[in-house]
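Got a structure for you, questions after.
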Amino acid sequence: MIVNCVAYRDGERLADLMEEEISDYLEKPDCFVWVALCDATAQELELMKKEFHLHELAVEDARHGHQRPKIEEYGESLFVVMHLLEQVKGELRLGEMNVFVGHNYVLSVRSHSQRHFVAVRERCEREPHLLRHGSGFVLYALMDAVVDRYFPLMDQLESELEEIEEQIFSKNAARSNIERLYELKRKVMLLKHAVAPLMEASGKLFGNRGPEVCARGREYFRDVHDHLSRINASIDTIRDTIGTAIQVNLSMVAIEESEVNKKLAAWAGIFAVVTAFVGIWGMNFKSMPELQWEYGYPLALAVIGVTSLVMYRRFRHAGWL
Amino acid sequence: MIVNCVAYRDGERLADLMEEEISDYLEKPDCFVWVALCDATAQELELMKKEFHLHELAVEDARHGHQRPKIEEYGESLFVVMHLLEQVKGELRLGEMNVFVGHNYVLSVRSHSQRHFVAVRERCEREPHLLRHGSGFVLYALMDAVVDRYFPLMDQLESELEEIEEQIFSKNAARSNIERLYELKRKVMLLKHAVAPLMEASGKLFGNRGPEVCARGREYFRDVHDHLSRINASIDTIRDTIGTAIQVNLSMVAIEESEVNKKLAAWAGIFAVVTAFVGIWGMNFKSMPELQWEYGYPLALAVIGVTSLVMYRRFRHAGWL
Amino acid sequence: MIVNCVAYRDGERLADLMEEEISDYLEKPDCFVWVALCDATAQELELMKKEFHLHELAVEDARHGHQRPKIEEYGESLFVVMHLLEQVKGELRLGEMNVFVGHNYVLSVRSHSQRHFVAVRERCEREPHLLRHGSGFVLYALMDAVVDRYFPLMDQLESELEEIEEQIFSKNAARSNIERLYELKRKVMLLKHAVAPLMEASGKLFGNRGPEVCARGREYFRDVHDHLSRINASIDTIRDTIGTAIQVNLSMVAIEESEVNKKLAAWAGIFAVVTAFVGIWGMNFKSMPELQWEYGYPLALAVIGVTSLVMYRRFRHAGWL
Amino acid sequence: MIVNCVAYRDGERLADLMEEEISDYLEKPDCFVWVALCDATAQELELMKKEFHLHELAVEDARHGHQRPKIEEYGESLFVVMHLLEQVKGELRLGEMNVFVGHNYVLSVRSHSQRHFVAVRERCEREPHLLRHGSGFVLYALMDAVVDRYFPLMDQLESELEEIEEQIFSKNAARSNIERLYELKRKVMLLKHAVAPLMEASGKLFGNRGPEVCARGREYFRDVHDHLSRINASIDTIRDTIGTAIQVNLSMVAIEESEVNKKLAAWAGIFAVVTAFVGIWGMNFKSMPELQWEYGYPLALAVIGVTSLVMYRRFRHAGWL
Amino acid sequence: MIVNCVAYRDGERLADLMEEEISDYLEKPDCFVWVALCDATAQELELMKKEFHLHELAVEDARHGHQRPKIEEYGESLFVVMHLLEQVKGELRLGEMNVFVGHNYVLSVRSHSQRHFVAVRERCEREPHLLRHGSGFVLYALMDAVVDRYFPLMDQLESELEEIEEQIFSKNAARSNIERLYELKRKVMLLKHAVAPLMEASGKLFGNRGPEVCARGREYFRDVHDHLSRINASIDTIRDTIGTAIQVNLSMVAIEESEVNKKLAAWAGIFAVVTAFVGIWGMNFKSMPELQWEYGYPLALAVIGVTSLVMYRRFRHAGWL
């Protein structure tokens, strides 16, 4: 589906185009065309391929989807793949943003994503002094918008981790902690896969030998790269912390179990003594004088009670109870 | 066994050759010969060595087999080793594909593999405008075909992992989980060994200083490299997740055990109290007044029952039962 | 809030300036202006941006805060972000120091931090022969001051670790150890995030191709970098040790539990034997001769006692008790 | 001990030399001398040092032994240290092979190793067209022979690992598994230390800027390097697998223990109920009507039996028994 | 404290100097001064700073101490920091050796170390043909001496590890093993910190672009570097092995515990059966015919004994006892 198809000159909106008009405007000097597709069909991609002379391999990648984030140069044009991550009902859904950029065109293809990028076009049109830089600036604006959407996601993952951390030393939470940590790790890996390859690829956009298209605005691409570095560092910390948290959780299970074991051992000990005593006085020997005493029974109970109490206190003191 | 032996000119099939004719065609300009061997004998390899002037070390590698995936330059010709992985009855079987490429020949030697590569030849012949690029394009087509076969394998490993993940928090599955995780890890390592060295080696094919043979089609080799990077990244994630899953599985065992322990402790406690009571009333003291009461027995049972119930409730409340 | 705004020439304080005068002094040769802001408002930043012609992206970073430590070149000027870490009531609080440096100005913006940097200005004014080097030396002095504040923090983390290490092999401390290790790890990560990126970035300041501003004083920047390397190495050791300590702590829990288990097993064994004996003599068989013996009862007690003692000794010998 | 001392010209054996004649032949053009020492004494080394003008540091290394594998350039000559690993009675024994190579000599010094390298000389003399390349080819042949001896070792380590893997999920094997894994790891580390540094060092022999001596036969040194890479990759896999196997073994211990625990808990439960019943009917209350019933006893036994059976079935069903 | 202060020319001792004479000899051609300080005071350092024109930052580092090992160039002079490790009563003590080297002077400052380096001076004076190389050779000799002292330390750590390894599979040693492993790890980290940064830094001394001072003797510095690499590799192995040993130790605890548990379970089972039997025959049912049998009691004992024996054998067979 074609969302938008506009020609720009000198940072100003020139005209909304029909698909057939694209090639006319591509030939005009100082003019560039910015087309936005959404969940594009094979036909639409084929059409765009012809209009913009896109490379077959790049178009094929866009058609297939499921690419890693990357930035590829085909001659003087760029093909950029970015991941879109959207939280839908507690699940992270993976969409894709493919951008084809040449010196006089930008073609963005959004897939499997419900949040549009109209705001990017609006921002660009609000800043004509920057849009004047041409298609490179549009690429920056798109990348910046995609990357900016990673931040709230990362904040959310961080606060999920903090929630788990608050539970990690409390009792009886080991099972839910480990389930949540595992689920969190899965999400973090998704974000990592979106961020790390893009960070690496974007590092080439602002060096001295970066592509021509990005030449006028290296600081902007460095800024995008810097944002990605920041997210990436945070992700690495979260991953590292999840690893430690899993270990700590296991330690807590072991510690709790050893406490239960001590309790069990202490009570077992007390009752073993009680059982020994009552067993002894339950024996059928003919001559057991204490059985005949008048206060034998209460005395026996007293002995049993006192012994138990003494043991209880000792276990308590030793921290077993 | 010689599967095929064909000469091509200008992207078109020129002639099916006998082995002896190869050297004739090698001398014709703009012409290249593409030979496909399968489980080649030492004699066949020796013959090919002579026809194509292959380097001894490369031929020896092809004869021995069990090489790591690699791409080696011998003067202006290339020697490529790739792993073929085929799932046979739940087991991954390792085959090998050796390709010798010069500017006017391609020799592919397939070993220990049941799936042929005839489709590659068909594809090449269907695209004469690309085949015109010469032997380099054939190499690309072969590599592309080998790499494309890794994808379903990887998908399968991923779905095996997902199956295990669904079981990982359910009770009584720890033993089978750990067995499956270990087996999965083994398979993943096999795939890793096929992919990682080839990825590394293929990275040199599309740079500016890449081999002459691959000069006309750098984008295609970059595409292969990109596919390999994608698989490699997925493999790394699977490995990482397997590691975490093993840890989590161990945690689940510990958690389950601690739950069993608590149950055991709780019931042991209840029955210890019961035993203590019946022991007391089983003692043979002469003067134990309650034994003489008319309703002593039911009262005793009631005391025992109520105490047990109270304890049961408390343990229940504490989450031990 | 503007803390200070001073012009310097030849290493000497020239004049305290009003904000409006800044641009006058920027034009004078051999003269540089050093402005210190603290928790700057957007207006103040906007004003400074105009006075010093700062790059929009850098100013935006300073406004937003929450940046990673970094050193960015914008043309001939530098933008430096450093983390300030202050221990407040046992918690590490994260502040930020942003420094903009050009050949004739230094603008430092401190945020979320209670400890001022007035001492840096005093030090610089005490060393006019070094301040004469210009704004680069001020940058060094600021970086040096920030980095010097990391050392006591690191010492503190190290002594916390040592305290935990003293507890790690003592009994009943596992729970508090693991909690303290986890908390310590969290703090260490904060320090790591302050140090590692800054170390990496500062490595570029003293090479031959470093920025012009830092040209006269490469040794000084190398010194800062060296300090950062030292802290970084210590942090890595602490992290590594924390990891080992967590493992060791878990081992100690397991060892302690196995000791408890052995004790439990030993006592359970002794009492099981006692119970068996008294049970036997509590049976109601008509003809049990020993029950009729005159010294049957004390004999029985003796048998029980001796058996228990023998078992006790054996368990003791085996190290179970 | 001098094993051999031969002069070669043009790939052909020229003469067997006495030690004193060496220097004569070194001066002849197109001629090189190949000396093989075994467990050389200090005197022999001193003599060789003088004959070949070897560098003092290299000779010292050869005398001391216990070097890491390495390849060092001293001017135009090379000093190569390789590890020899021999399995003697299940133990890996570490020997050393030092090779000094100049353009007109090869001196090999074998230490602490029982397997000689006479076959290398034979191979070289069988291939005069290669030996004609000079001392560089001899170095290759020696390295190739050393590296080829690593393969059977690695195969053996791999099959030891496979044997352990077959035991890893079987019961009661945890203790021997862990012992064997630890022992295997130790051996693997020995092999790793032999292979990894040599691999790294040999990587420099076949580049464009490699030493002069190796110039005529870069493909051969690349082949050695490739073999080393292959072994190194296998070692890394074995190490990784050992790590996982240790974890899995621990998991299996935990799982088995939890199964034992469940069994213990189940039987304890059943017998606790039995004990409670017989305890109740062992009480001495005066009025316990069921004790007077004619079939009271068999009924009691029946009640006890049925209860036990029901419990047994339930535990069985729950997988605890 | 000034240990020594000597001027050398042409590899020969020229004169023992007073501090004031140093500057005179510095001006003489082909002459260099070698001063050795020990636990230098601030005054002594200040004096040396003036005599040799040392850089302030280097002197400050020497005064403060607690530096990481490093090699820094200040113009044409070098500042080298090395760690001295001495085992005192089972504890590793950390000293420091700072060396300032210019083309005509060497100043070594030893701190917190009881072992002097007089032997280095003696060795140098014994080898005038090498000492003639100038101050660079002295630096080599000092580095060589420091590094040589690491070897016995490493051997000791290795034999401590071997001692622990011998205990690791024996019973009841888990607690002491883990304590010793932890302590060993601490020592290894100390050595690592001494070796790794120095190895890295020394790598720059023997390249083509190394400092002028080291130009005549690159092989010697490479030798030092090679020694450091060897120690470093050994340290890494020790660390890796300690990690595995901790894991293995934990496994052994778990295995031992599971064996104890099985024993406990087996004995508990046997005695539970005994208790059930005696309990049954201790019931007070009126009509229990076997109680009236003449040989009822011995029969009962026999039944109990046989049952116990059968169970014992079965448990034994299953490896639980």
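Order of writing sets the labels: A, B, C, D and E. Residues in every chain begin at 1.
By definition in this document, a contact is a pair of C-beta atoms (placed from the backbone, for glycine too) under 8 Å apart; a residue touches a chain by one contact, two chains touch by 3 or more.
Which protein is which chain? UniProt says A, B, C, D, E = Magnesium transport protein CorA.
Quantities reported herein were computed from a predicted structural model and do not represent experimental measurements.
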Item to check | Both-way neighbours, i.e. chains that touch chain E and touch chain A | outcome: C
Checklist outcome for this item: Chains in contact with chain A and also with chain C, listed by label, are none
Item to check | Turn needed to bring chain B onto chain D - CA fit, degrees, nearest 5 | outcome: 70
Next on the checklist: What's the distance between the Cα centroids of chain C and chain D, rounded to whole Å?
Outcome noted: 40
Next on the checklist: With centres defined as the mean C-alpha position, give me the chain A-chain B separation in Å.
Outcome noted: 25
Checklist entry - So which bits of chain D are touching at least two other chains? => result 247, 250, 254, 257, 261, 264, 268, 275, 279, 282-284, 288
Checklist entry - Hey, how would you classify the chain contact layout here, line, ring, star, complete or other? => result ring
Checklist entry - Beginning with chain A and continuing through chain C, what order do the ring chains follow? => result A, C, E, D, B
Checklist outcome for this item: Listed in rising order, chain E residues that touch chain C in their complex are 55, 57, 67-68, 70, 72, 74, 172, 174-175, 178-179, 181-182, 185-186, 189, 193, 197, 243, 246-247, 249-250, 253-254, 256-257, 260-261, 263-264, 267-268, 271, 274-275, 278-279, 281-284, 288, 290-297, 300-301, 304
Checklist outcome for this item: Note: in the complex, chain D contacts chain B through residues 165, 168-169, 219-220, 222-223, 226, 229-230, 233, 237, 240-241, 244-245, 247-248, 250-252, 254-255, 257-258, 261-262, 264-265, 268-269, 272-273, 275-276, 279-280, 282-288, 319
